[in-house]
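Okay, here's the structure, questions in a sec.
We just call them A, B, C and D in the order they show up, numbering each chain from 1.
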């Protein structure tokens, strides 16, 4: 076991996959000479060379497209968005080119690509350096969506994403990059976290909290606070948003009969809406209370601290909602 | 009253708004010389000239951006996507430029633009001429989303959208263009359908069907079939997807206690998920059955007829789901 | 920008090195393209084909034949909506292509997508989508994979209309290819219109080839209705690209003799001057090439039938094959969305 | 493409027509830009500014002053991350700009967005976003509105880094402007790097100005550290654009003397050769302009203080104003998402 930061876990997964498989290559803005805006690919250029660590022009469409084309020809490209917000420039490549490719090829041409990058708020990044719009890709067929919360999952999920035969959009919450530390397995182990498997990060009795990304940590904090009040939360870390592990969710709901869904994106139309809808469809009889959601307000992530705090969900929000559910 | 097709209703609304307000202009591919791929703007170039009816290069980003910039300078641009599918090329302009502009300008610079075009399946249009991804814009703040089902609503909503001070994405289901006829008010009346107001298109007792676009007609067909079986559907046509008229929905749910949500997009993460989640949050106690959804399967819209039929929702699907709900 | 003279006099007249057997094959390919188009229009009109649009290529045949003929088997192409015959020139069977048009189970897309939205990486045919321009960026990736494999000599020919050169993805793709000197040959079929919109509303320069200047790459503007001009230019471009000198843009000036697609025949005679259409009818590449062949003195009139009937028969048989071929099973609509066959090894 | 000679000899030496009062104002503006940058870096370093990045413009001052000085009050600009002083040159108060930097309630964005993501249509300042290149396309719309109002003479100056010229929206925007001959002047601040990436990995041509050729518009490549060269070129470009001849692209060759932003100082000395940085330090536009002024014989040394202390004071006062100015109320975060004030009349 190695004790590493969230960022380092991702770095190591990328490094080890690059070592393992010569078909893996990286492309993005400033990932070579500089090692990436956050340093995720520091040292890669020197080790793997400019053909496998490509400093691309500012052209997110081309960056993703190069991965798509190379994948069609047997490679496994990992595209870095300098901030995940910029994926909107390569949006069409993800949904209409990568996501549909296998379908259009009659099943013959899988597109193993990963589009990864820092996402999320809480760092004063403002409108275009804080986004968390995973719901776009959650809704669109053909693309998988991953967002880890802990170093070990980041490590195992990145390896799984690179080895997976489908396009994966991989959200790395920048708030976690250097704040969260934890153990990961030793190098060169084939440590894989299967895409589509959630993980119960805390067992509890009263309320099922379904969440992912940075919110997992908020939920765990809330759980700790509520423990003292005698409210016991079960915290499910989805890890993979698509495919969605409904089995783990439903098992927990069956036990607790109360659900709180927590996500960082704007509430309306977020991933949590679907989770709620599925529970309402599939587990209606098990429910003892309304399905509640804590999410960002339906706004952009603003710059000034009081504004950002107002828009994004907080540990308090989770605590209040859980109390309400517990009292229901 | 005039009896017109769905397409003609949109054409007339655009024409009358162009006549009324010299600030309104149209831009898109082939909308001038040819009058648009579907003929929605036939005759406009001759009447309003090339500055107000702009045949743009194939560049959806520029087309939407021209509307955004012109709006910042006081105009009201209406952008045609030749097929709504191509909005993915102008995606960033919608979500990151138009949608955020008012916010970034401290409330000073509203962006009254309409991005409109034909959407939806059932015509063999295949992957890139059948899309119905309104959920992308539903989730993203700052943008309104409209999808009418009848000529009068298409007429009144288009006028409202042009006069609205916000970016509106306006879905025109191509399946309805020439198939659906109905009365609209006489010319030059200020007939406005307020954005954000749903309409009960059929009153019923047993099940609330919440839907929009082409699915309204499917739901009405299903309601007619089920009437004979003694199952009475109330059909709510949302008309505007954002803002969402929860009041009308909840009133109906209070009455029927059973909900079926119908939409044409892929089921996972569609607009109907949010509607279900809100009902589960806000009307849990009124429910007598699981909230059910009928939607497209989580696939692309394929070309061959048996495949397209398999993926897209049908009147039968609604009938079956309603029967199940009724029996619950 | 280099402009070839229209009379076919070039620095190197590669076409003069072709064997008689090549000439006859080229002639037959031109006819294949012509008949393919004619017979599908006819099938659509007669109701034999009931679904999907037919995007015509009448008048643009010399481009498709001329740009593919000098390719090596291991080169790549990415044909789009007006390039259906290219699929056959690069190794798909006519039956496969017809199954695609009819949306049959045997089609390369298994009936999932329509018309030209297909490919076959084993044949070096890169799949395109409806999204104009986007495949040019994807092409860079296919070529990047070759670079990783040490195969810098495999060329990719990406087709595009002149209208689509206004798209962002076109720019990002060509820019990337130029920065990295990828062996990409962009063939711009300038048929003067994008649907109804004339080229001067799409492209600000006098020729589309001038776009090449913005990327510092060679740009040719040639007579796209002259097979020999296309062929010679292509040979030159291939030498340039294979030698590691980077991309080339070839504008083939031509004309869309029909409507944008089969549904557009009436309107296309309204939004375009009829005299213009008539003028270009006279520049038809097929009679032109036939005349050239006769002028070489190598052929009797009877060796150059108009049309070669066996080709017609071949196409008709493929159409019949497609029509009689089974539709895809409904449930297969949910296949091939995700590939779980491999990738994650434990 | 037209290349101006670096010694400042042009067809028309517009700068020689400037009055003494202009020269002193220009000198002061150059210093304003310099001090603005220095003092914000300092505020960030000292912890007076705790949120947001400071994107430096040190070394690029001649471009900002030279491109704005010849503008009419009714012209438009769209400054981006390295152009903060332009907001002031075009009419915002220093206090407003500082409130924006500190995210205060009085800021043009009311604290909603950060740094250069602001504007004021009353001042002709078009709002940009982080999305590089996208404002160039938006600029076309602002100019389209002028066309609808019969105001074809109002020019819009859109700033961009050389790196952002690789984006799709740059292409779509410039292409649209060129097709419609909109009076758009694209000022490319070629500071040799996009973050850490050198220009040769972003732009395939020898100069960025060559991109202009792809749109058939005039492209200049000039010494961006020479105020007079920038000013003269801008005057020429304005005449061109106002006369209805369409867009112009001006590449101002310069250098980013600092890191990409304040957090990047250490790395920026690793991913760039130190000799290169030192070389460009010597080309600093400020001493250069001062020398030019002294050479005109119009000034005493003492008339050209380094720095003008009153400007320093003005900036310091604005910083203090911003720091003491109130934060936005939390609930205002939900204001200005939709505008329901007007639009729909019944």
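Points worth noting:
In the analysis below, a contact is a pair of C-beta atoms (placed from the backbone, for glycine too) under 8 Å apart; a residue touches a chain by one contact, two chains touch by 3 or more.
Please read all numbers here as calculations on a predicted model, not as lab measurements.
Interface comparison, B-D versus B-C: the higher number of contacting C-beta pairs is recorded for B-D. Placing every chain at the mean of its C-alpha atoms, the farthest one from subunit C is found to be D.
Rounded to whole angstrom units, the spacing between the C-alpha centres of subunit B and subunit D is 41.
Each chain gets one centre point, the mean of its Cα atoms, and the points for subunit A and subunit B are 31 Å apart. Spacing of subunit A relative to subunit D, judged by their CA centroids, is 37 angstrom. Among the residues of subunit C, those touching two or more other chains are numbered 109, 112-113, 117, 129, 131, 166-169, 172, 175-176, 179, 201-203, 337. Across the assembly, subunit A contributes residues 56-57, 59, 61-62, 85, 88-89, 92, 96, 100, 103-104, 127-128, 141-142, 298-300, 302 that each touch 2 or more other chains.
Of all residues in subunit D, only 107-110, 112-113, 117-121, 126-127, 129, 131, 134, 137-148, 168-169, 172-173, 175-176, 179, 335-346 touch subunit B in the complex they form.
Subunit B contributes residues 29-30, 33-34, 37, 55-59, 61-62, 82, 85-86, 88-89, 124, 126-129, 297-300, 302-311 to its touches with subunit C in the complex. Touching subunit A in their complex are the following residues of subunit D: 51-52, 103-104, 109, 111-114, 117, 129-133, 163-164, 166-169, 194-198, 201-203, 267, 271, 327-334, 337.
The part of subunit B that touches subunit A in the complex is made up of residues 85, 88-89, 91-92, 95-96, 100, 103-104, 127-128, 133, 135-136, 138-142, 242, 244, 265-266, 268-274, 276-277, 279-282, 284, 287, 289-293, 298-300, 302. Those residues of subunit D lying in contact with subunit C across their complex are 166-172, 175-176, 178-179, 200-206, 210-217, 246.
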